[in-house]
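Common to both upcoming complexes is chain A, partnered first by chain B, then by chain C.
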Partner chain A sequence: MIEFVNGTLALFGDPTAVMIFGFGLIGGMLFGAIPGVNMLTLGAVLLPFTINMAPNHAVMLFSVIYCAGVFGGAITAILFNIPGAPENAPTCFDGYPMTVQGKSGKAIGAAVSCSAIGGVASAVVMMAATPLIAGWAVRAFGPQEIFALIFFGLAVSASVGAETLWKGWLSVFAGLLIATIGTDPVGGVPRFNGGSVMGFEFSSYYLSAGIHFIPMILGFFAVSEVFVQAMSIAEGKRKRPKASLEFPSLVEFWSVRFTMLRSMVLGFFAGILPGIGATLAAFLGYSQAVRWSKTPERFGKGELAGVVASETANNSATGAAMIPLLALGLPGGALTAMIMGIFQIHGMEPGPLIFINSSDLVWVTFAAMFWANLCIVFLGWLQTKTVVHILNVPFRWLAPGILLLATIGAFALRNLTIDVWVMFLAGAIGFFLRRTGYSAAGIVLGLILGKLGESAFAKSMQLMDYDVFGFFSRPIAAFLLIAALLTVASSIWNEVRGRELQKALID
Partner chain B sequence: MINKTKACGLAIGALLFSATSHGLSASELPEKPAGFGLRPLTMIVPFGAGGGSDQLARSMAKAMEEVAGLNFQVVNKPGGGGTAAIPDFMLSPADGYTVMEHIDNAISAYAKGDIRENPAEDWTPLCMTQITFSQIYIRGDEDRFTDWNSFLAFVKANPGQASMANLGKVGSMELVVMSQLQNALGVKVKQIAFDKPAERYGALIGGHVDVLFEQPGDVRSFLDSGQMKPILTFLDERPEVFADTPTHKEVGADFEALTRFRGFYVKRDVPKDRTEFLAAACKAGFETEGFQAFNEKKFMNLINSYRDTEGSVKLINDAVQTYQAVYKELGIGK
Partner chain C sequence: MSSSDNRPDGQTLTVSIGPLFSTPVLEWLFWLMLAGMVYALTDNFDEPIAEYQFGASGWPRVLCAALAFGATAQLFYKLTRKRPGPEEPSGKSADQANEVAPPILSLRAKLQRAGVFATPFVYLYVMPEIGFYVATPFFILAILLLLEVRSIKALTSVTAVVYGLVLLIFTRFFYVALPVGRIESFYDLNNWIIAFVRTGM
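Entry: the complex of A and B
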């Protein structure tokens, strides 16, 4: 505690530090909010400048950018169905429908508060127990447990946003199929990267690299939404969404308390484990919110808990990602790798000794992350009161802007033009999916969980000498897998029984 | 004033450089070809931001900006183990304004038939700026074995049990070196494919695998903190830093171990004066103090890490031959 106070004093007692703190906060939020650039872009630009900065300033700057950047992308996700960054993608699922229903203020308010709550909670755990937790988590969660966790997430994906359970499962399986396009994660075997169509031979490096989920999300959500809105304008049925400034009430927050807690825990684990991070945290948080909800059918149609689940989880992952970095020197993602680079530039090595050798610096970082998350509440409140007014712009002017932002977002991912074509194709497909009761969210969940899940499954099988039952000899993995299987079984049982009930009522 | 410091940096860089390699003199840049370098050049990195290739590309771009007055825009085009960026590179005009960083993955991919472009012929290598060797690592607090001999005894005592975190791509430098080692010594270590570096390191530190295959620069922080230690070096002689670690030749495996190398390429049809200018800029950039410090931090100063165009072509052609021979032996590729 005394270290935290000292860290805070060191942070705010130094005018330069305060300026850097403010810069990181606003910069991270802006870069997170604009599709096409993200906090990594900002980080890569700033990295060379950190050489001449004091080490505590440099590390503090990057940890603040990290916190703010993960939140920033929620705003465009909610207002325009464009996730500013991958980790905000599940926020679209329910955030945008809320905007359409004139509840944008509530959605943004929930995103802001939950980001802050998730971030603060993980910062607190980080301060309390970094060295302990890091060692334990990395030992306890091997590829088997990670696979089980992802499988648990997949088990409920079918109930997101589809008309019936069967259409939901078909959507998820379509996503899993798309995930298999490209180079496989084990042997590097190319899959579906070439062939012949009506005598025309083709092979493609692009397909070898795989379909990335970002152009798919932008297409399914942003582009197809423009089509849908355009159609309703043409039919003269469109009503402009109300730009509401209403914050969620305390009662509403209280009603999602368990979702919040669950997402905190999930986000925390996803953040700690190397190679998983904030994106999976958001997806897992979302799918588990569906799993435990009493009204899972409302998800994907503007359920507040959906926004809460995704935004709490991704910010909770930020603090957690610092744990393996500081305690073990294991960066889980690209931005934490940059922070590691800063430590090294200044002649320090993250790892078990850093708490002894550079404890001041560690505590300034902790304090900065804690306060950055609190500042998100205030900045987010300001944003809610201002940004929402964009919705008053007539859609015929807004639409080109949305398409432009989406195009930039798709291109900037890998600087590949073909990603833009994939996005527009996905937009066209998404348009028809939505009219036929299939779930775009289900496809995206299948795609992202499928890729990560396959990689974890392959590693597990290699480690267990290809014995599937090996999963059940590990308690955590066994528990998660059995829970997932029960979830699938009960959802099918409910669907079948529900049909019979309906039939009985009609008869 | 600026010129003075630059010259000073160059001189120190050259000094440092001649101390670590074979006495190359400080290079003089040829005159910038007329009409070249007026707008920023594009540097394609076929891997993600923040990784080893990205850090190298940004460091070299900075060094070349310093010595040759060129401006670079670094763009990352990750995917497909470095192959997704190649079509864009091939589509760019051959005017010298597009430079691509690439690693030895491109060479093994070509040898295997995964890509059509021959890095030594369809591209012109400007220079290689990082060449390094591989090692096998164990946890710092490992008590079942402490060095190569005790690890070998462990492998023999527990057949089919010992596992190694490695890259999985069939025909990769990592797997080729390991299969050569296993064939030579007649042992078998389970190779577990981890596609992300952090997962590989986490798997070793978390105890999910027994050993790790990696290059020293990538795990330097773990070595310095004592979380990992090397038990075998894949090199002909022991480098001074790892004087206590035996080489693969010493433990009875007689093969030329493949190295990891990273360098810079332009397309073959780029005008010769521009290619030569860029190659000279790369050499001068390599010799800057800043770049030397960068390479030293990455343990890239342990063996001669620089090749010019000619040397790079030889390095690539030798590697292609080795890969093709091994692939034939192992029955992979085309």
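Entry: the complex of A and C
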């Protein structure tokens, strides 16, 4: 506690630190909200300038950008069905339908509050138990557990957004298959980027890098939304959503308390695991909210709990992601890898000794993350009062801007036109997916987790000498696999018995 | 065949989606063909990897099998579920009976729909040739026209504002190296626009 107070005093007692804190907060939110750029863009631009900064200022800046950036993407997800980052994709499922129903204020209000709550809770646990949790998580989670967790994540998320269980699984399999394009993760063998089929020769240098999930997300959500709205304009059926400034009431928050708590726990544990992070956290949080809800049929049609689940989980993952970085020197994602780079630039090595050698730096970072998450409430409230007015602009005027933002976002990723082709193709496919009951979310989830899952499976097989039952000799892996198998079995049982399954993101 | 999409705001979009998914059998055939084609493609990289006995093609092949299994399970489920009950002698479910008939679209509306889908691809096709900076204002105009914006004032002002903002954000503030075209005159024009926007930087 004393360390936290000292960290807070060090942060707010230093005008330079306060300026950097404010810059990181606003910059992270803005970059998180614009699809063409993201918090990684801001991080990459700022990284060289950190050489001349004090190490505690530099690490604090990136930590604040991380917290604010994860929240920032929720705004465009809710207002325009464009997730600013992959971890905001599940926010679209209910956030955008709420906007269509004229409840954008409530959706953004819920996103703001839950991001803050998730982030603050995560920061508190991070402060209390970093060395303990990091040591446990990294020792206990090997490739077997990571594969089992991914399998569990896919099992519980498969039916999200799909009309039936089968369509959900087919969507996930299609996503996993798309993820195999590029190179094999074990031996680096090129896959699906050249050869012949039925006498037809083809070769593509660009496919060697694989299909990136960002153009797919932009296509499935943003471009297909423009297509859908354009069709309804052509048919004369489109109604403009009303801008609303109404925040969720305390009663509404109370009604989603368990969703919030569940997403907090799920987000936290997903955040600790290297490479899993906020994206799976958000999907897991959302799918579990659907699973435990008494009214699952309302998800995907503008259910407040959907926004709450996704945004609480993804922000809970931010504090958790700092745990393996600070305690063990293991970055879990791109932004935490940049923070690792800052440590190295300044001649420091994150790890257990950092709590002894650079205690000031650690506590200023912890305090900054805590206060950044609290500030999200205030800044988010301001955003709610201002940004929702964009909805008063006719959609037909916004559509070219949305398409251009998506185009630039897809292109800027790797400077490849093929990414833009992929995005528009995904947009056209997404348009038909919405009408045939398949799940765009399932494809995206399969694509995001596919490579990681295959890599974890291959490593597990090598470690277990190709004995599949070896998974069951490790308690956590066994627990997750059994839970996943039970989930699949119960879903099939429900489907066969003709019960109405959760139907989210059809529209 | 048509499909109804009940939107959250109470609107019902009814869109004809063509014969591709008109029956569960065709849907099954689509997935089987996809899985079969992908499986055939795996032969191109079916090579062993040292210390990994499943090789590069093992994982994609399992996924192809899973796709085929999922599609077959879906077909089985749909066929068994679609059997007419005694109370439905015609074989139509209540949902099908209540389904709204798709609107008959005029040729203009059909062309408008086709245009909405085709325009982004045309834009993408010409962009590497004539450059992003030249193609974009025409793209914005085309989309606005397809979305039934007819006022000259709206067309010019929206194009100017959107194009201006894109130039300001992605060329002046955060330089994103967008395509400048392969045709010489367009290449020069694109570079002139970039130089103009970045004047003083």
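Annotations
Keep this in mind: the second predicted complex is superposed on the first by the 488 of 507 C-alpha atoms of A that agree within 3 Å, B and C clash if a C-alpha of one lies under 4 Å from a C-alpha of the other, contacts with A are read in each partner's own complex, and residues count from 1 in each chain.
Here, a residue touches a chain if its C-beta (ideal position, glycine included) is under 8 Å from a C-beta of that chain, and two chains touch if they have at least 3 such contacts.
In this text the structure is predicted, and so the values were computed from the model without any measurement.
Per the definitions stated earlier, placing chain B and chain C onto a shared chain A by superposition produces no clash, and the two fit side by side.
When chain B and chain C are set side by side, the one touching more residues of chain A is C.
Of the two partner chains placed by superposition, only chain B is touched by A:143; chain C is not.
In the superposition on chain A, contact of A:372 is made with neither chain B nor chain C. Applying the stated contact rule after C-alpha superposition, one finds that A:327 touches neither chain B nor chain C.
In the superposition on chain A, A:211 makes contact with neither chain B nor chain C.
When the shared chain is aligned, chain B comes close enough to touch A:335, but chain C does not.
In the superposed pair of complexes, A:177 makes contact with chain C only, with no contact to chain B. Once chain A of one complex is fitted onto chain A of the other, the partner contacts of A:396 are limited to chain C, with no touch recorded for chain B.
After overlaying the two complexes on the shared chain, residue contacts for A:233 are found with chain C alone; chain B is out of touch. Contacts of A:78 after superposition: neither chain B nor chain C is touched. Of all C-alpha pairs linking chain B and chain C after the chain A fit, the shortest spans 6 Å.
Residues 41, 186-187, 189-190, 415, 458, 462 of chain A touch chain B in one complex and chain C in the other.
By the touch rule above, chain B contacts chain A in their complex via residues 48-51, 54-55, 58, 62, 74-81, 83-84, 86-88, 114-115, 160, 163, 168-172, 190-196, 198-199, 201-203, 205-209, 221-222, 224-225, 227, 297. Against chain A, in their complex, chain C makes its touches with residues 3, 5-9, 11, 13, 15, 17, 21, 31, 37-38, 40-45, 47, 49-57, 59-60, 63-64, 66-67, 70-71, 73-74, 77, 81, 103, 105, 109, 112-113, 116-117, 120-121, 124, 127-128, 136, 139-140, 143-144, 146-149, 154, 158-159, 162, 165-166, 169-170, 174, 176-179.
If you check the complex, the residues on chain A that touch chain B are 40-41, 43-44, 47-48, 138-139, 141-143, 182-183, 185-190, 205-206, 208-210, 212, 273-275, 324, 328-335, 337-338, 340-341, 344, 349-353, 414-416, 455, 458-459, 462-463, 465. On chain A, the positions that touch chain C within their shared complex are 34, 36-37, 41, 45, 97-98, 100-101, 164, 166-167, 169-170, 173-174, 176-177, 180, 184, 186-187, 189-192, 194-198, 223, 227-228, 230-235, 237-239, 241, 301-302, 395-397, 399-401, 403-404, 408, 411-412, 415, 417, 420-421, 424, 427-428, 431-432, 434-436, 454, 457-458, 461-462, 466, 495-496, 498, 506-507.
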